[in-house]
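Chain naming follows the written order as A, B, C, D, E and F, and within any one chain the residues start at number 1.
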Amino acid sequence: MSAVKKVLVVEQLKRTQMNELLGRGKRLDGRSLLDMRDLSVTTNVVEKAEGSARVKLGNTEVIAGVKVSLGTPFPDTPDKGLLVVSAEVLPLASPYAEPGPPDERSIELARVVDRGIRESGMIDVSKLVLEVGKHVYAVFADVSVLNVDGNLFDSTSYAVVAALLTTKIPKYEISPSGEPVKSEEMIPLPITTVPISVTMAKIGDYLIVDPTSEEEAVMDARITLVSDDKGNICAGQKGEPGFLSIDQILLASQICKSKGEEVRAIINKEVERAIGVPKQ
Amino acid sequence: MGKQGGDSTSLINSQGLRLDGRRFDELRPVSIEVGVLKNADGSAYIQFGKNKIMAAVYGPKEVHPKHSALADRSLLRCRYHMSPFSTEERKNPAPSRREIEISKVIREALEPALILEDYPRTAIDVFVEVLQSDGGSRCAGINAASVALADAGINMRDLVCACAAGKIAGQIVLDIDDTEDKEGQADLPIAIMPTSNRVTLFQLDGQLSNEEFSKAFNLALEGCKSLYQMQREALIRKYFGKDGNEAGEQ
Amino acid sequence: MGKQGGDSTSLINSQGLRLDGRRFDELRPVSIEVGVLKNADGSAYIQFGKNKIMAAVYGPKEVHPKHSALADRSLLRCRYHMSPFSTEERKNPAPSRREIEISKVIREALEPALILEDYPRTAIDVFVEVLQSDGGSRCAGINAASVALADAGINMRDLVCACAAGKIAGQIVLDIDDTEDKEGQADLPIAIMPTSNRVTLFQLDGQLSNEEFSKAFNLALEGCKSLYQMQREALIRKYFGKDGNEAGEQ
Amino acid sequence: MSAVKKVLVVEQLKRTQMNELLGRGKRLDGRSLLDMRDLSVTTNVVEKAEGSARVKLGNTEVIAGVKVSLGTPFPDTPDKGLLVVSAEVLPLASPYAEPGPPDERSIELARVVDRGIRESGMIDVSKLVLEVGKHVYAVFADVSVLNVDGNLFDSTSYAVVAALLTTKIPKYEISPSGEPVKSEEMIPLPITTVPISVTMAKIGDYLIVDPTSEEEAVMDARITLVSDDKGNICAGQKGEPGFLSIDQILLASQICKSKGEEVRAIINKEVERAIGVPKQ
Amino acid sequence: MSAVKKVLVVEQLKRTQMNELLGRGKRLDGRSLLDMRDLSVTTNVVEKAEGSARVKLGNTEVIAGVKVSLGTPFPDTPDKGLLVVSAEVLPLASPYAEPGPPDERSIELARVVDRGIRESGMIDVSKLVLEVGKHVYAVFADVSVLNVDGNLFDSTSYAVVAALLTTKIPKYEISPSGEPVKSEEMIPLPITTVPISVTMAKIGDYLIVDPTSEEEAVMDARITLVSDDKGNICAGQKGEPGFLSIDQILLASQICKSKGEEVRAIINKEVERAIGVPKQ
Amino acid sequence: MGKQGGDSTSLINSQGLRLDGRRFDELRPVSIEVGVLKNADGSAYIQFGKNKIMAAVYGPKEVHPKHSALADRSLLRCRYHMSPFSTEERKNPAPSRREIEISKVIREALEPALILEDYPRTAIDVFVEVLQSDGGSRCAGINAASVALADAGINMRDLVCACAAGKIAGQIVLDIDDTEDKEGQADLPIAIMPTSNRVTLFQLDGQLSNEEFSKAFNLALEGCKSLYQMQREALIRKYFGKDGNEAGEQ
């Protein structure tokens, strides 16, 4: 990911043009400041995974897969299941991505996506317990980024959310001897809400949603806010070496909810299509 | 390979059909789409049985670090990688020894077909990402990578097409899948340059008599020829065909 | 954050006081000492509640490797690290994913205040070492690092001061500590450049309604202003004050 | 290993000479195309190991040691013992070897040697089980390459095979409380066959066996085939960025058996000398 | 640490001056050859740790923290607790220290400090056992070096020793079901002696104690000797690419005891202040 | 060192003989062969008790990366490594902290004897591979490495010879083996340049009184002198002797 910035050095020349456009409420690709790009969400694209989703947000394309196994809870949370979110920007996704262990950008990406899901309480991890302190479900949501064109935070988050919403896990019974035994029955994850991430870029004095790589190359700062379906804000992260004004923070907190509802509707629609019932 | 092969006869039923209904010389369903990724210089997506594999090519491009550049030709690099969710049990995303070996043999399978001398002091990167794995992912990956190299406009002597034959339930069959690989007796993946019959990948896991070896090898060659047709059709669809605009959709 | 917050009301007693006796808008005790390390170009030691954190700055200095130097400004680097003995359970000394993320957000919180253009082709290293951790170590670290940068004589537009607000037992409070973080419902750490109200760090863990969000954000802004006074006093003590000669002692 | 190629850049000039020689059925060191170099196999050279062997193949020299301990079987093969083959080309073995984690060449070497032994069924791993799912023998065969002069695949394989053939492991009993208890008795590994690896280099239109470093520096491709003592081919690997013709593959499958018998006789002789009985 | 040598390349010019001074029994900072710098030891500086100490030796400053948990003993020493000493020269400690995994100097530092403590028998590890083979105390002593000005071996060792002397660990009982149960009672570690490390630098023909970075930059060799409170020498290490004469080794063995007594008195005084009773 | 030394008196029997029958001042059997590896510039194989160790030298040679070269002398590098099968329990092949420390002290033990100034801007690599380990492998490795350096024709002021003394069953003895190391009370390995009595390696594990220390040190010095004779004989055998043609055979 580290080169998303570098890629567009020449395009810094577009900054003047972009600022002037933004002053007229427009963007290079014709969107207005608060328009998202076309979003397509397709679930169950990797049949071997317990849940999966491919998300295309403009030209950005990611795929999330959920694998579920049994594990041992952490000693300090014996009554909670495990939920781990990871992300890799595959080297095939961009001329600037490189193979190797995750760099600070990939780590931030995975941690911010994880935080939105975890802090919203989307998955009731207390219901992922088969036997306190011994046997819990371990839910691994992994994301492979296939094509980078900006706003990895949101596209990755949507893919993980959609994959989790359509995940089916085997039901286990605890045998008389205390061992978990897999049954034939498949059950959904214990979902409580659908958190939606909205990422905004600050360019000059303007706040725009869903930035492309071109826009990210000239942005001053980035802010991601996640809201749940009750309208609470449940996670946030400012990034990049610029600042935001106080008003911009408060404005962002409004935008995240209105845009969040739009996106939630799109995801819910795909999930209904896939599993045949409205969640929640 | 399950050497004992105890009840592996059930891999072929009394009608001579395999678990998924294929005859001994039948390939799994294959589809190839070209040019599916926006950023890559060339790309292809292959579904080969349950394998779902994305291949992308970047290059010819500058080499970093510079001292690894070659004076007389392009440096070909290859990474075969499995996404964590691609396997039955979640796979650790760090490259395994298996992935490192397969990356090497895929690179060496593609290299004879590339005119690397046309691009001195550059690098060409080939990435093969397995999104869902089934038996035969290395062959599927080579088929996709070869098409992606063509899509990237790299000068090539020929395409490279790959297919395996194997032995299950005592019989030589084409293109074994995951179950057949685990319960079967041998797997023989090969890759060829189809217009010259040059063999660029050859591996064998499992036991074959001399006679079985020839039979399996020849059957795999036939499989490669079938793949060659599908590769050509996929490229034609992209560059000349009506279906080209669906590339990237499943 | 403990989302359920079951018995978390006990975090605030009937007098409205928190477990350590603080009111809702009260900071933990803070002390800052400037210039405590001999080798560093600038340094500061902060005690912020039970946090004990050493910050040091080296630079502007030569960049290695050279190709990572920037033509038009200094390369700012930051490492936030916890000593193995700083936590309840011994921490593995290798950098965790959490430490890598925090290193990044601290760097990005400090960068807007630094006039890096004054030092092209150099590097400035900021090291934040947590010797004892409590809730809010990233904010405490930013406060110390900002003072250490001033102590190193790096040209700055402003100091950067950081403070968190949060929600515990259903109430918005300033500066939550470790217990409040674990049992509470939300943590909102921010950093600002106090003379221009520019927000350079912003993170949120946990659930806040819109109203709570504004309230917490404003409370955190107030906390930052208090920290700014303490940072200024610490610098004055070092450079003009009588207490300067105690720097480095606890 | 990575520099085996580089080492002989100047010797690319010998390619013409070599091709011309090969056309007359000769090689630089006087061998004919299908001659192996002198092979010496000495077992029990590291007394602390449960089995060991030093192999010299021309100037190539390797040493294999087998360590056996108790372990837990893999969950998906509870009824099989563990067998792990590793190899390191020590930095003292060549001016081009470097310290560090194994590179792709060392990994390929170890995996191909492992494959030959595993796929031949040389060790009946189902007999390495003390208690299904709980206690099995874990057999580690490690190879240190001491001097590189070509054909590491075969020399490494012969050393591992000879070390395994002469390995003695302690017999265990399962105690009433279910714990494995070591007895005084030492038993051999459950051997079923003696797989022999034969590596051929393709130079121009010729296939030669047992290439030296000099020959490897100019070879187009490499093919390794392993046969068991019933004449089955049980593993194979083509390497290097060249190709083979279909006829060359079929020719190689013949050569691997005839040369394999020669080598099997040499190894069997040393094993008989060492343990006093013919294996099998 | 690796750059302690490089830092003072220009100061190699001081070598002549230093030699001449040493000939007159003096050092650059006014000390005589066998004078240590001011040593201050403060314990209990990290309240969350079970034991801790900050040591200032001239401008060298280090902090040690001891964390104690329960662990499983090594299979070959089932009747002994675990004691692990580690050290990191933090990148803030010197312009030449770098982040990253420990280099050979940090590893040597930690291992020599560990050796002095382990070989002196300072902690009676046989008394750290709750249940043989199953439950033992695991004592981790970690050192963060905050400022480098020479003689890290001694300053690190003093900090670890002082931290261990003031460590309090929870007492455990073994429950009827065999599990360790933590009691309220806090007990000290089972201390048997107070080992003191004394490091000397050889410059030209002279042996000096407690070298600064400036002196280390020109030293030929370094020797560290550790003595216990009965006057036994219990660990030693020569370092750096120079040599010592036989007489210098024997002289060093005398110096280590006299200087050791000085330092032991300083550490004991602080420990008495902290825990109110003389140890041992 | 087993500090308690409970029943360690059995390490010496009533005749004053050790477990393997040696007297207190007796070395284990030692054999040294020179020039045993074809590719190395110099090499030696030592059997020292049950230790079986191969040492090899490459150099003087080009340095990579170039910036690590030294303007005024050769860069000496050393790797001490144990093969996985060399120990009682299989050893992980990745370098342990112990191996890294021993590599450093071996390098520093050899360096005073080498005239590195004769080879500016080059590197000399010394590799010590333990094929079977017993007590005293670092000393055995130094003895072999020193001979390998001579075999490589590196200019030397002197050989370096190494030997340990120790304390077992309350007595000072020469050259302790693995069992004596584990059950004994102290181990004092040293290395010297024998013609000038310069001490280039010195380590001590375990407790010695002042008197015991002198006694052990002097005994180890005697051991080193014996090793010196064996090193010389091995070199003479290689370069002048009739046994030279057996080098490399056991």
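Basically, a contact is a pair of C-beta atoms (placed from the backbone, for glycine too) under 8 Å apart; a residue touches a chain by one contact, two chains touch by 3 or more.
Every value quoted in this text rests on a predicted model; they were computed, and no experiment measured them.
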What's the minimum number of touch steps needed to get from chain D to chain E?
2
Distance-maximising chain from chain E - centres being C-alpha averages:
B
Quick check for the class: compute each chain's Cα centroid; which one is farthest from the centroid of chain A?
F
I'd like to verify one number: the distance from the centre of chain A to the centre of chain C, where each centre is the average of its C-alpha atoms, in whole angstrom.
27
How many Å are there between the centre of chain A and the centre of chain E, using C-alpha atoms for each centre?
48
Using mean CA coordinates as chain centres, what's the gap between chain C and chain E in Å?
32
Going by the touch rule set out above, which residues of chain D reach two or more other chains?
none
Among line, ring, star, complete and other, which best matches the way these chains touch?
ring
Ring path (origin chain D; first step to chain F):
D, F, E, C, A, B
The residues of chain B that touch chain A in their complex are 37-40, 43, 50, 52, 54-56, 58, 61, 79, 81, 83-90, 93-95, 125, 127, 129, 131-133, 250
Residues of chain A touching chain B in the complex
42, 45-49, 52, 59, 61, 63-67, 69, 86, 88, 90-95, 99, 101, 140, 142, 144, 146-149
Interface with chain B, chain D side, in the complex: residues 104-105, 107-108, 110-111, 115, 119-121, 126, 223, 225, 228, 231-246, 248-250, 253-254, 257
Could you pull out which chain B residues touch chain D in their complex?
1, 3-4, 76, 97-98, 100-101, 103-105, 107-108, 111-112, 188, 193, 197-210, 213-214, 217, 221
